[in-house]
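Take a look at the following structure, please.
Order of writing sets the chain letters: A, B and C. Residues in each chain are counted from 1.
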């Protein structure tokens, strides 16, 4: 269902399943309610895309997922079931966000990032602090980083290119490029090039670069 | 959509968005199906409020969130997207519960509590135990406490006033008033008055009291 | 709402609440779209059951929960609110999966398992690895195991019969039958027969066997 149609621009080939909502109006004050979505969008039942955001070609927004306003999202975005991208985020191309994930406002996610199921991304160091609006900032997750299942990512942290965050990690500090971390708080255990798979086969994006 | 209308009393100024459901009937046996909601309710698409509960003025119930029966909830309640308040809870005024949160049955939450995204509150020490109904009890979270993102809170624990639970914490014991904890299991690291912000500005509710 | 009706076989006594969807068609290629559901199904508003799966008698699928294709699920299955069973899982009888849970593809769950709220089950050791499809495998959770709230379960692990996974645990290794674990990473702390309840009463399934 497309609502607030005058603000909505959707490219060719869109498949808007029954029970999805496109063009929801935020309760916040925003500069623009224009919603620009590229070609070949798929939106499943129960998903909600707010007015006032932009998503490029090839997005798949799955059941009960929510994309809020003032986001800028690249090509081939996947947002799986029951996940939320809060407002004001910048997301690159080919980003995949799995099920039951929360992405806080003002998070930056670069190209080719993968975020595992059940991950929570925070942006507020001191919730309820009178001044918290002044220092609210999501993490910056760089190109090709991989976040495992059930992780918690704190505000302000920089997760380097191709870093690999183990399942259940709580990331409280910056993670250097290409490092593998796990634990609460997350600590470096090796480099991604040292990871050996049970099958003997591993080939991560950009790994040879 | 309001169902089971004869049980439902909603104050003035309600905004019930299309796709929300108010008055859902539980499969459990309950004493009363009366649903009393105060003024200026906002309920978004996909949210479900059960019959047999009470919520005072100014509530905002966001997408895909669920408020079950036999809850008593105060003024200015915010329940963000994809969160659940299970039955039998007592929730004070100005409580804010973020996205992807689960609040177990029989949890007590006092005024001004903030619960961060991805938090899970449990109430059952021994799930599947034949006697677990006899000892099922959620935590008691006291006035002004702040629960960070991705935390897990065990049954029976008492979280003191203005305590601050760090992101990703697993709270297994009582937390004294005004203390900051983190880790799995959560341990005290300092007092909330010792927290220094990057900006130099911190001012939490009740901090000067 | 039942869609793609020609593929759907539902037993007697089904209660399909308004706003539920049964028979959703996956975007994946599957061998069969036949959906076989036993007697006395209850499906609540916002839930989605995909075509191409089988669920036996007595299932309750709660709000906003999703059951994907190619699952084989036993009798008396409970899937509470906002939870997801991804495709290709095998689930026994009397399995209860609480709220906000994600069960990854190819997970095996035996009879009488309980999975607490906010739990994330993973299946991919190396997300984004070019070869990850070759080694994708969910955990195998054996009969009567109990998973506490907010746990993260890694791919490939075997959780033994009647094992008890404490709240907030991150399970990275096989857990022997009847052991209680907690922490990140989860470590054995005792046997389930040593657990003493506050009430003095504990009686877990199969405990005396």
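In the analysis below, a contact is a pair of C-beta atoms (placed from the backbone, for glycine too) under 8 Å apart; a residue touches a chain by one contact, two chains touch by 3 or more.
A quick note: this is a predicted structure, and the numbers were derived from the prediction, not measured.
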Pairwise touch network: line, ring, star, complete, or other: complete
Interface sides of chain B and chain C: same vs different residues, half threshold: different
Between chain C and chain B, distance of the C-alpha-averaged centres to the nearest whole Å: 25
Residues of chain B engaged with two or more neighbouring chains: 46, 64, 82, 100, 118, 170, 184
Touching residues (chain side chain A, partner chain B) in the complex: 21, 24, 27, 46, 48, 64, 66, 82, 84, 86, 100, 102, 104, 118-122, 124-131, 134-135, 151-152, 154, 156, 170, 172, 184-185
Of chain A, residues touching chain C in the complex: 19, 42, 45-46, 60, 63-64, 81-82, 98-100, 112, 114, 116-118, 144, 146, 148-150, 167-168, 170, 182-184, 195, 197-199, 201-205
